[in-house]
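Presented sequentially are two complexes of chain A, the first with chain B as partner and the second with chain C.
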Partner chain A sequence: MEILSARRRKAFAVGGLMLAVAICTMVLSLNTGTIWLSPITIVQTLFGFGDADAAMVLFDYRLPRILVCALAGIGLAVSGSILQGISRNSLADPGILGLHAGASCGLIVFITFFRSLEDPLALFIPLFTFAGGTIAALLIFLLAYNRQTGLQPVRMILVGIAVTAGFSAISLFFSLRLDEDTYSFTSRWLVGSVWGRDWENVYALFPWVTIFTCYSLWRARILDAFSLGDERAIGIGVALQRERLWLLLSAVALSSASVAMVGGVGFIGLVAPHLAKRLVGSTAKYQIPVAALIGLIILAAADMIGRTLFLPNSIPAGVIVAAVGAPYFLFLLVKAKS
Partner chain B sequence: MEANTLNGKATSLTGSKMWQFVIVGLIATLGLIISIFLAIAYGAKEMSLQTVWLSIVDYQPDKTLHQIIHEIRLPRVIAAAVVGAAFAVAGALMQGVTRNPLADAGVLGINAGAAFMLALSFAFFPNLPYFIVILLSFVGAVGSTISIYLLGSASANGLTPVRLTIAGAVVAALLSSLSAGIAIYFDLAQDLAFWYAGGAAGIHWSHLKWLVSIILTTIIAVMGISRSVSLLSMDEEVAINLGVKTKRVQLLAMAAVVVLAGVSVSVAGSIGFVGLIIPHIARKLVGTDYRFIIPLSAILGAELLVLADWAARTINPPQELALGVTVALLGVPFFLYLARKERGR
Partner chain C sequence: MRKFKPTVLTIITALLFSLLAGCSSSTKTPTTAQATGGAHTEKAEKIASLSIHLTNDLLALGITPVGSVIGGKAKDFLAHVADRLHNTKKLGVAADPDMEALLALKPDMILVDEEFAGQDLDKYNKIAPTHMFSLDEGTWRDHLRALGQMLNREQQAESFIQEYEAQAERVKSLIKEKTGATTAMAIRVSAKELRVQGMKRPLGPLLFEDLELQPANGVEKIQKAYEVISQEVLADYDPDLIFVIVNVEEDAKKVFEQLQVNPLWLGLRAVKENHVYVINEQPWLDYSALGSKMALDEAEKLFAK
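Then we have the complex of A and B:
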C-alpha cells in the first residue's frame, strides 16, 4: 500500500511538471515566428484585452496550428503506448509498423483523384488516411498473427518494415505523376509537416484524439494485463482477442488522424512512451497521460524549431523529430538485452 | 559423425539436383536471350529481329537503325540486365546469411545512404561531373551499411539477423528523413524522386564497361562462398560444426552485397523487390543450395529487369514509367503472398 501511494505521488508530481513544461512550450511557441509577441501580450490577447493585430496573428494563425500540433503529438504518443502495450514490444511505433506508410498512401490516392486540399473536401482526408492505416494494420495483423503463438513482436516489426516498403512503392507510383506544386506539398507532408493550420483542422482532429485517448485510459487495466503475457491475461479474465482488436483499432485511429494533419511524423510514438515509462513506471494509467504530454512537448517544440531556426525557409517538424528520435531508438536497440 | 552423414547427404542431394539446375538454367538463359532481343527490337521505333541480329554481328555505322541499337537500346538493355543480376544476387546473399526470407539489400540501408549523399551533392555541389556523383552515392551506400552493421553488432548479444534488420530500418528512416529535409530546403524534391525511382536510360558504353566488369567479377567471386552460405542459411550451429567460419562468411557476403547493390543503386537508382522476389523463385526452382540459387538468381534478375525496363518505356509512350515503379507493381502482390505463406510456418 505504502509503495503504491508513493508511486502515485511520484506520478502526479511528474505529471504536474510535464504539464507545466507543456504549457511553457506552447506559450513559447505562440511567441515565436516572423512577428515576435511578448508573453504578456499573449496572455492579454488570450483573455481578450489585446490589440487587433496581435489578436489576428494569434487567433487566426498561431493558435490553431499549435493546437493541431498538440493534439497530434498526444495522438501519436498514445497510439505508440497502446501498440507497445498490446504487442509487448518496446520497439513498436506506428511509423515503424507501417501505419504511417498506409496512411500516406491513403492521402496520395486522395490527392491523385480529387486534386484538391482547399475545399470542404479536405475534411475527408482523415477518412482516407484512416482507411490506409487500417489496411496496413490489418495486413500486419493477418500476416504476423499465428494461431499458436499469437502476435509475435519480432515478426510484427519485420512484416511492418515490409508493408512499409510495399505502401511506399505504391505512393511513389502515384506521386511521380503529380504536378510540381502538388508534389512539393506531398513530399513535405510525407516527412511530417504541420499543414493543418486552421480551426477546421482543430475541430476535425479534436474528437478523434479525445475519444480514443479516453478509451485507452478507460482500458488502462487491460493494457496492464497484456504485459503479463497472453496466458495469464486470459487467466485473470480478459477477453484477449477482442480487447486486442479494439485497442489496435483505436491506435490506428489515433495515429491516422494525427498523420492526416501533421504528416508522417515518426518516432514520437516510440520515444514518448519510453520516456514516460522511465519517469513513472509502466502502469498504463500513469504512463499514458505522461506519454501524451511528452508527445505534445516534442511535436510542438519540433514544429517551433522547424519554422524559426531555418528562416526564411522552414524544415518540416518530422525531419527534426527523426533527427532526434532515430538516434534514441538506436540507443534503445543497442541497450536492449534480447 | 553426424556432421559427416549430413555432409554426405548434401553431396548426394547435389547430384540429383544437378540435372534439375542445368535444365532450369538453360531455359532461363534462353528466356533471357529472347527478352533481350525483344527489348532491343520493340520500342519507339520498331525493327525486325533480323536487323537486331545483324547490327550485333555485322555493325554498320552508317545505318540509322544500327546506330539506334548500338548507341541507345543496347547499352540500356545491358545495363538493365546487369543491374537486375546484381540486385537479385545481393538479395539472395542477404536472405541466406540473415536467414530472413523478407530480407533485401535495402535492409542494409544501401538505398537510403546513396540517396542521402545524392541529396547532399545536389544541394551543395550542383555541377559535379556524373562520375563523381556516382562515386559519392556509392560512398553513401557503403557508409550507411557499415554504420548499420556496427550498430547491429554493438550490444551484449552481438549481431543477430533481427537486430540487423531493425537497425537497418531505423537508420534508413533517419537518412531518408534527412534527405527529404535537405531536398525540401533546397527545393530539389522532385529531381531526387526521379533519380530515386530508378531508370537505366542514361547509361553509356563508357559507364557500362566498369559496371559490367565490377558486377560480373563480384558475382563470380561470390560463388566461392556459396557453399558456406547454403549451410549458414539452414542452421548456424550445423554450419559451425561443419567447419564454416560463420563470422567471416557473413562479413564477406555483406561486403559483396554492398558492392553489388551499391554500384547498381548509384547507377540506376533504387529498385526494390528484385532482390526479394527473384531468390524466392530461384529457391522454388532449384532447392536450397546456394551454388545453384546464386547463378539462377542472376539470370532471372537480369530477365526481370530487362522486361520491366521494356515495359516502363512501352506501356505509355512517349512518357516513361519509372523502372522502380514497374518492378514494385510486380513485386508488391508477390510479396504479400510470400509474407502470408511464411506465417503458416
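Then we have the complex of A and C:
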C-alpha cells in the first residue's frame, strides 16, 4: 500500500508538472507568429477585450491550429500507448505498425483518382486516411492472427513492417505520376504538415480524441493485464482476443483521425509513451494521461518552431518531430543493447 | 464483455459521420463574390496580391503591390521580377499564404487566384475587399484590362497591350526570317520526366496564338498546360522548331545532355536544321502581362539576325 500511494503521488506530481508545461507551450505558441502580440494583449483578447485584428489573429488563425496540434498530439501519443500495451513491444508505434503508411496510401489514392472532382479536400482526406488506416490494421490483424495462438505481438510488428513496405510502394508508384503542385502538397502532407487549421477541423477531431482516449483509460486495467503475457492475462479472466481487437481499432481511430489533420507525423506515438513510462512507470492508468500530455507538448512545440524559425518558409512539424524523435529512438535502441 | 460490441461499433460509426459532418460544414459556402472588374473603380493604395501572376500584371501597370506571395518552387519572388519587388512583403506561397503577414499589411485591396484561394474568400474579405480572378478564363489581356479598370489605369493597360501586340508582330517576322519555321513545339526537361507543353497557359497561348506558330502534329490535342511523354514518341511530333525549357536543377541539365546525344533526338528535323532554342523557365512559364512581355524580349534576342 505504501509503495502504491507513493507511485500515485509521483504520478500526480508529474501529471501536474506536464499539464503546466503543456499550458505554457500553448500560451507561448499563441504568442508566436508574424504579428507580434504582447502577452497582455493575448489575455485581454482571450477574455474579449482586444481589438478586432488581434481577435482575428488569435481566434481565426492561431487558436484552431494550436488546438488541432494539441488534439492530434494527444491522439498519436495515446494510440502509441495502446499499441505498445497490446503488442507488449516498446518499439510499437502507429508509424512503425503501418497505420500511417495505410493512411498515406489512402490520401495518395484520393489525390490520384478523385482530385478532379473538385470537392473540398477537408471532406475527403479524413475519409480516405481512415479507410487506409483501417485496411492496414485489418491486414495486420488477419496476417498476424493464428487460430491456436491468437494475435502474437512479435508477428504483429513484423507484419506491420511488411504492410508498411507494401503501402509505401503503392504510394510511391502513384506519387511519381502526380504533377508538381499536387506532389508538393502531398509530400508536405506525408512528412507531417499541419494543414487542418480551422475550427471545423478542431470540431471534427475533438470527439474522436476524447472518446477513444477515455475508452483507453477505461480499459487501462486490461492494458496492464496484457503486460503479464497472454496466458496469465487469460488466467485472470481477460477476453484476450476481443479486447485486443477493440483496443487495436481504437488505436487506428486515434491515429487515422490525427494523421488526417496533421499528416504523417511519426515518432510521437513511440517517444511519448516511452517518456511517460520512465516518469510514472508502466501502469496504464497513469502512463496514458502523462503520455497524452507529452504528445501534446511535442507536437504543439514542433509546429510552433516549424512555422516561425525559418520564415517566410515554414517547415512541416513532422520534420521537427523526426529530427528530435529519430535520435531518441536510436538512443533507446543502443541503451536496450547495453 | 459481449454487450460492449454493438456499443463500440455504434460509437465508431457515429464518430465517422461526425468527422465527415464536421469537415463538410467547413466548405459549405463557396462564396461567389467574384469581381470580374469594371463594375466599380476604386482608388486603392495598398494592394496585396496572392498570385504571382497577378503580381506581375500589377507591375505591368506600374503598380507595386505592398505584399505578394512567392513562387512555390523558387521559394522566393520569381527571378525575373525580383528586382522590382524590393519593398514588397513576402506573403508565403500561394497554396499556403501567411494570413498574419497579410493582416499586418492592412491592405486596401486583396487580389486572389480562384485556383488557390477560392475556398478561403470569406477569410480574405474579413481583412480587406477581395477580388478573385480565374486565370483560366480569358487571356492575361482580360486580367490586365480588368485590373486597369479597377485601379484607374485603363490607359496603361491598353498601351501595354498595344506595345505587346506590335512586339509580337516583330518577333513573328524575326522567327520567319531566321528559321522559316511554321510548326513548333515546346518541351520541358526535368530530372523526372519529359513534358510537351500544350495549348493552354502558360506557354500555349504565347506560341500558338500570339506568335501564330502552328502547333506540331499532335500538340493541338493537348488541351491543357502540358502532357508527359516518353522520349521515343518525340519523332511523332516532328516540328520545324523546338523550344526547350531545361529545369534549373543539375539533374535536369544532365538529362538534357543525355537527350542531346540520343539518336532519337539527333534524327529530329528541327535538330538537324539547328532550330532548337533553349529558353528559361522564367519568364516563359509566367503567364502574366509582364511575363509574356519579357518572354518576347528574350525571343527578340534569340531570333535576332
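In this text, the second predicted complex is superposed on the first by the 319 of 338 C-alpha atoms of A that agree within 3 Å, B and C clash if a C-alpha of one lies under 4 Å from a C-alpha of the other, contacts with A are read in each partner's own complex, and residues count from 1 in each chain.
Criterion: a contact is a pair of C-beta atoms (placed from the backbone, for glycine too) under 8 Å apart; a residue touches a chain by one contact, two chains touch by 3 or more.
Everything quoted here is computed from the prediction, not taken from an experiment.
When both complexes are overlaid on chain A, the residue A:184 reaches chain B and chain C alike.
Contacts of A:239 after superposition: chain C is touched, whereas chain B is not reached.
Judged by the touch definition given at the top, the superposed model places A:228 against neither chain B nor chain C.
When the shared chain is aligned, chain C comes close enough to touch A:56, but chain B does not.
By the touch criterion stated above, A:207 is placed in contact with chain C alone, chain B being left untouched. In the superposition on chain A, A:253 contacts chain C only, with no contact to chain B.
Contact comparison for chain A: of chain B and chain C, B touches the greater number of residues. By the document's definition of touching, of the two partners only chain B reaches A:91; chain C does not.
Of the two partner chains placed by superposition, chain B and chain C are both touched by A:176. By the touch criterion defined above, A:109 reaches neither chain B nor chain C. When the two complexes are superposed on chain A, the residues of chain A that touch both chain B and chain C are 176, 180, 184, 313. The touching residues of chain A, counted against chain C in their complex, run 33-35, 53, 56-57, 60-61, 120, 122-123, 126-127, 130, 176, 180-181, 184-185, 198, 200-201, 203-205, 207-208, 211, 215, 239, 242-243, 246, 249, 253, 257, 260, 312-314.
Chain A contributes residues 91, 95-96, 139, 142-146, 154-155, 157-159, 161-162, 164-166, 169-170, 172-173, 175-176, 180, 183-184, 187-188, 190-192, 266-267, 310, 313, 315-316, 318-319, 322-323, 326-327, 329-330, 333-338 to its touches with chain B in the complex. Across the interface of their complex, chain A is touched by residues 100, 102, 104, 106-107, 151, 154-157, 162-163, 165-167, 169-171, 173-174, 177-178, 180-181, 183-185, 187, 189-190, 193-194, 196-197, 272-273, 322, 324-325, 328-329, 331-332, 335-336, 339-340, 342-343 of chain B. Chain C contributes residues 1, 4-5, 8, 11-12, 15-16, 18-20, 22-27, 70, 72-73, 75, 90-92, 95-96, 98-101, 103-104, 119, 123, 126-127, 192 to its touches with chain A in the complex.
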